[in-house]
Amino acid sequence: MIGYAVRRLGQSVLTVFLTVSTVFVLIRLAPGDPAAAFAGPLATTEDLAKVRQMFGLEEPLITQYGLFIKNLLTGDFGTSYSFQAPALDVVMGRMPYTITLAASAILVTALVAIPLGVWMARRADTRRELAANVLTIAGQSMPEFWTGVMLLTLFAVVVPVLPASGFATWGGLVLPTVTVAVLQIALISRLVRREMCANLAAPYLTVARSRGVSSFGLTWRYAMANSAIPVLTALGTRFAAMVNGVVVVEVVFAWPGVGSLVVRALETRDYPLIQATVLVTAAAAVLVQFLVDLAYSVLDPRIRLGKAVSR
Amino acid sequence: MTTAVTPALLAGAAVTRRRRGRKLKLWAGSVCTAIVVLPVALANLLPIPGPDQQDLGSRRLAPLTDGHLFGTDQLGRDLLARVLHGGQVSLLIGVLAVLVSGIVGILAGSAAGYFGGWVDAVVSRLLEAQLSLPLLMMLLLVVALFGASVPVITMVIALAQWPEVARIARSLVLVEREKPYVDAARMLGLRRAGVLAVHVIPNIIRRAGLVVLLLLAQAVLLESALSYLGAGPQRPFATWGRIISDGQDYVTTSWWLVTLPGLVIVLLVVGVNLVGDALYERR
Amino acid sequence: AGPTGSPAPGSMVLALNRSLVSLDNKLNQFEAAVTVQRGVRQALTRIGPELTPQPVLAERFELTSPTEWTVRLRPAARYSDGSPVTARDVATALEMYRKVNGSFIASFFPEWPEVIEQDQLTFRLRTGKPLPILDYLMANILITPSGANQAAELQSGIGSGPYAVMSADRGTGVYTLRANPAYWGPKPRVDTVHVRFIQEESSRVVALRSGEIDVIDTISPDSAEQLRNLPDVALTSSVGTRINQLFFNFRKPAGHPLADARVRRALTFAVDGRTLAEDVLQGTVIPAEGVVSHILAGAVKTGRYAYDPDMAGRLLTEAGVRPGDLDLKIIWESGEFPSDALLMEGVQEMLRRIGVRCTLQQFEPGGDISKWRQGRAGDWDILGNGFSVPTGLAFSALQGMYGGTAEREKTRDTYHGYVQPQVVKLLESAAEEVDARARASVVAQAQQAVWDTWPCLWAFIPRSLLAHRKRVSGLSLEPTNSYDLASLRLDG
Amino acid sequence: MSGALLEVRDLVVEYATGRERFRAVDGVSFSVNRGGSLAVVGESGCGKSTIARSLVRLLTPTSGEVLLDGQDLARMNERRLRPIRSRIQMVFQDPYGSLDPRMTAAEIVGEPLKLRGVRSGAEREREAAGLLDRVGLPSSALGRRPAEFSGGQRQRIGIARALASRPEVLVCDEATSALDVSVQAQVLALLNELRRESGLTYVFISHNLGVVREISDEVLVMRAGRMVEHGPTGEVLAEPREPYTRALRAAALDPTTMRGRKPRDVLAAAKGVTR
Amino acid sequence: MLDVTDLRVELMTERGVVKAVDGVSFSIESGETVTIIGESGSGKSTTAMGVLRLLPDDEAAVSGKIVIDGHDVVGNPRAAARLRGDKVVLIPQDPMTALSPVHTIGGQLGEAVRLRDPSLSRKAAADRAADLLGQVGIPDPRRQLGRHPHQLSGGMLQRVLIAIALAGRLRLLVADEPTSALDVTVQAAILDLLLRLQEETGMGILMITHDLGVARLVSDRVHVMKDGRFVESGEVEQIVDEPREDYTRSLLSAVPRFR
């Protein structure tokens, strides 16, 4: 178990490292010049050269990379060009917002999608369930920026009960959360439905009923516990993806998370900031996935032995 | 012959319900999809103005005025024409993207599931890496790197989507490869790659293919998100995402510019998903 | 903050469309930031509503010899920590602006003045050649205590402005300013000003409508239309110092149609500027009648852009070009000006009508457009861009855009290859002309000379648009697209 | 017909479970003559299937030899093995899972023909029809898919597929345990007939002593991966020497021979040796 | 104890209505074992599930008369729900899939115990569970409580299911092929256990099997089922030794012998 965790963690560190290295190379290959973004349109060639020198961009790529790795090992992520501050500080300043949004979205998703999915499984193929199904798909198919703008217009302007943007109050969390959750609820509730349908038809459930377990117990204690793993995985994966920044929603709601930061960093070709963001978010995402993997072995006793279930 | 199965009982029976639900989903889904896809496919034959034909005198007309079914946009272009012609690009991108991601995903996922070992390790790491990268940023970066052409956008969307397919394919293959018929084929003397290609993949392709179908909807959405963030295909292509993001400054004054293309996307996605659901449940 | 996020009494919130990364302008100066930066830091002078320099920290700012200005600081001027503003601080500030790499402000200084201190409050600014516009230029040098100044942008720290920084977070672009109790001038009436960053235009509009935000600036015509008839919202606009242009590529080899001024002129007749201004941009811009914004000091009218497609065809034929031969590429960076893409699509259609094909290429911020502009990446024919002039002087605009020399073209540092020796000569003589009248006449000549080369397919002067809740009053938008924070009042 | 066609020497198979290695087959040796039939019996999990899979090289033994006509299959690499595979074939326990659900009967039986080099589709079809006929399926079965057959019919298709390779050795891993008694009887009859007609060699794996008696000359009794008894079928079943074999025998319930015995006695006899 | 008269079960399936059980009648007294034998698909399991009313109403229509311990469970499905688990228990066909894979043995057994006697504390329930496991002959019952189903062999799981059955005041046990998935040796032990319990508690057993050997060993009476009907019924000796129907004879002759 511990051996597995260590090996798995090692692989993940490698993944993060390779990811960051790929990004390091890619952003430098991409067109665009940090110096030009930094110095503005009127800068002369000479100015640009100076700025590039200052950023250390005149060095060969391999030297830059070596330096980057060396600094990384000492905990130095470089200085953001546009913020003129340690890149790590800038990213860490934003992380709490992203994590707050991601966590609240995932929480809302779980709280809504699981009961909804269970309800849909138990009422499978009735008219109401079909209607709910279509609604969730529709929720899944609305572009996030569209949902966002619609919700904004509705709840901040037409019926002004919620703040339109930002994070000044807890109320500010509501609309971005809902916007993100609408999509996730659709995905998760349909997954719950599928899993629950399968588990409600499983032989052990009939057997449990034959020994007098109540219908509530059958649904929640038996079918749900057995559906928990794929659902948990999906929630974990979604959460990991959200830790990378819910870019569009952050932009629409002026939410100061890493998603909008990274878009900005890309617009100014702020290499150190991009690298730091990728490193931090990739590490966070990988960590979440790792925790989900560990949670597996707690939830699914069959995995604990490290032996496959099927035959 | 007596029977206790009354028509009422039969009507409420699980099978009847399921069949009815499936039929309904298939029908409703096909209709929704067809409502979107057919006009888009036939856009060039329909009696509508050209998508780029401007009439600055009739800017932002509401739907159903002056023969503009969907109204007009900021430059007086017929919105319906733009949506239909834009749909050609959006759908082309979507279809190509899911084809590519489907093929890559199924091949990579199946290989990982079937061969295990280092193949699996490499594919799994790639999957993990993809998940741990800020997706949209990477896509923006790749678009910046190679320019915003239709093939690049297609590849970029495929890049975003193949892991989903690969993950499903891998898990399906993990189950499938344990089945005795796979052993049987090996015993007959088929190579491992042959077994994978002849027996395993054909047996998972339908279920994996359904996932690909559902991804079509997401591809269209992703394209619109990219356009929204400014990385859509180069103008003058009026993709759905572009139309929506161009129109979103007018949400409150000219609702149709955003809402109608948005509804078209919703209709298509709902349609495709319903068909996918119906097919998935048939098995 | 209230339950729906509306500001607390006595405080107001402004939302900027770009993240304010510092309260200093050494590197970047985008318009809206000026408002906030000047709420905290001040310069010796400022460009007033009439685009003339007004004294701020300087009590006296006089040309005392052709190459020397004498400045006396206001004795009452204090920083928010109570320490006085000194001549040393000015000297340090100039040094730091010079030292920083890639400064936007620096490009307007033909040379850096030397500071000769006379006493704590009085000093002279000496230059090698006459620099008659130094009072304009110094409006952009913000003064900070010399000990705290650096050759980098200052995030918070102290200044002499009406507001002091309470909290600053450049990561999120959120700043809180509190009225500076030690302010030397009239006390500001709004106690607390929150500054926020909301990138997305529609979101800023919604936030303003919901009352969460009090002021949003630099809004697009379409947003203005949404906000126009709302009871609690007022719109103000002001004609700016900026000019937006569809600039021809001047790096075309001889023999290329665009290298021929007749062809450039002919093409201008294809563009229906009035429709673009009134319909596409909804009356928020004024078609240019000169080569710089007409409100700049020294600007003159040099001609009009006329719409006459037949004429365009005729002139093209005269110049020996069949319209069908032309295939033009228009490039621009998204966000260069409001509704840019729409405008380009409109122009594309207009050119198509005279048989000129166009392709559009839109660049995302951070992309390679600067390379393209320098002619180092790909070939293009027309560039959409804008030029703003923080000094308020037509001369600065001319120098920035049309002052290119063959020498500078070697490093591709001219404005899109625009090199016209006769224009340069005029500008050089204007620069050293100490007599204001004579200078004005030379500058006018230079403008006409530029106009006659037909550098733009079309050009227009945008009105800056600002919307604010009606509870905020006393807001007067200046041509520099900024306003004085200290003069704002809150009703309720 | 003399000499061992198939000889297994000191076969050991280990599975890796987590960090430990589990020895599923531990030093099993036997040989079968051409035309002979050997049964392997033993309780669930004793390693019978593991042996079967080792014989057809679906898994690689940890050590030991599997000699087919003197050639050691156990250590052969995949490429050298492939041409030899057709000589030793297996019929699987699971009539549902062992046929590719997507293929028609003709395709399933045709696949080994293709591997054997029968190129022409028509010829394959003809030969497949012949094979299906041989196992007692009508030619109308050719175009149907596995789901449209009953369990017994499916098992016949599986046998036809194995026969299509023209094997010398047929390994049957519980080939009839999933079938009803009456269907099982038919399939056993078919196997016996094939053996008589084509001189096939069988390794027959089962836990049913009755089945074993019907089909095999020799029997090998296994327990926990080891062989506990080996001898001619009649002898071993009539007078088992090992207690474990006795227990197996005692526990098997033969309805027709139980006359007069109280349930309790039967069970006690079986229990006495199991516990 | 159990009286079934003219039981019909019609399954509403994808392929239309299937008459899985088509008018069967039988009865079981206390202490008696009645066996239904028949080939696969003849309707044995459906009969068992129908008797316990475990078939969902929207999948199966049950008609006829089923009286368990005096309660009519056709007209009153709630009575069946009350009886289930306490007085009537099912031992399912396949022990490997009959227990929830993610719950421990102790959890599932303890739950059954507490359902019968809600006043029991968790601790007391665990004690009783261990006690029950001991009764069915599982070694080291305390340790097994914390284990998960996949860690136990099929024979052990079958015993756990019997232990669960024993938690109630068992009157009727319905055992659907309780040993078909097991080895002959394990089969013997399980059957022995069932018979011993029957002696102790006097419960009735409805045994379902396709193994004539098993039927011969445990039954008092046997019904031979084919296509949803009983083709022959009678005392076990009579059925095995002097079958009257051809179908029964063919079943018997197909059994492979090792003697």
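Letters A, B, C, D and E name the chains as they come in the text, with residue numbers starting at 1 for each one.
Convention: a residue touches a chain if its C-beta (ideal position, glycine included) is under 8 Å from a C-beta of that chain, and two chains touch if they have at least 3 such contacts.
It should be emphasised that the depicted structure is a prediction, and the values quoted were computed from it without experimental measurement.
Touch-path distance (fewest steps) from chain A to chain B is 1.
Here B-D and D-E were compared by C-beta pairs in contact; the pair with more is D-E. Relative to the C-alpha centre of chain D, the farthest chain centre belongs to C. Centre to centre, using the average C-alpha position, chain A and chain C are separated by 39 Å.
Between chain B and chain E the centroid-to-centroid distance comes to 49 Å (mean Cα coordinates, whole Å).
Here the CA centre of chain B is 45 Å from the CA centre of chain C. Contact of a single residue of chain C with at least two other chains is seen at positions 202, 364, 366-367. Counting partner chains per residue, chain B shows two or more touched chains at residues 14, 17, 140, 144, 248, 251-252. Per the touch definition, chain E reaches chain D in the complex via residues 39-40, 153-154, 182-189, 191-192, 195, 210-218, 237, 240-241, 250-259. Taken together, the chain C residues at the contact with chain A in this complex read 1, 3-5, 15, 19, 21-22, 27-28, 101-104, 107, 152-153, 155, 169-174, 196-200, 202-204, 206-207, 209-213, 364-368, 370-371, 373-374, 377, 385, 400, 408, 411-413. Note for the complex: chain E touches chain A at residues 49, 52, 54, 81, 84-86, 89-90, 92, 94, 97-104, 108, 111-112, 115-116, 148, 150-151, 161, 164-165, 167-168. By the touch criterion given at the top, residues 31-33, 35-48, 50-51, 54, 82-85, 89-90, 93-94, 97, 149, 152-153, 156-157, 160-166, 168-169, 171-172, 251-254, 256, 260-261, 264, 266-269 of chain A touch chain C in their complex.
Those residues of chain B lying in contact with chain A across their complex are 14, 17-18, 20-22, 24-25, 28, 121, 125, 128-129, 131-138, 140-142, 144-145, 174-175, 178, 217, 221, 224-225, 228-229, 241, 244-245, 248, 251-252, 258, 262, 265-266, 268-270, 273-274, 277.
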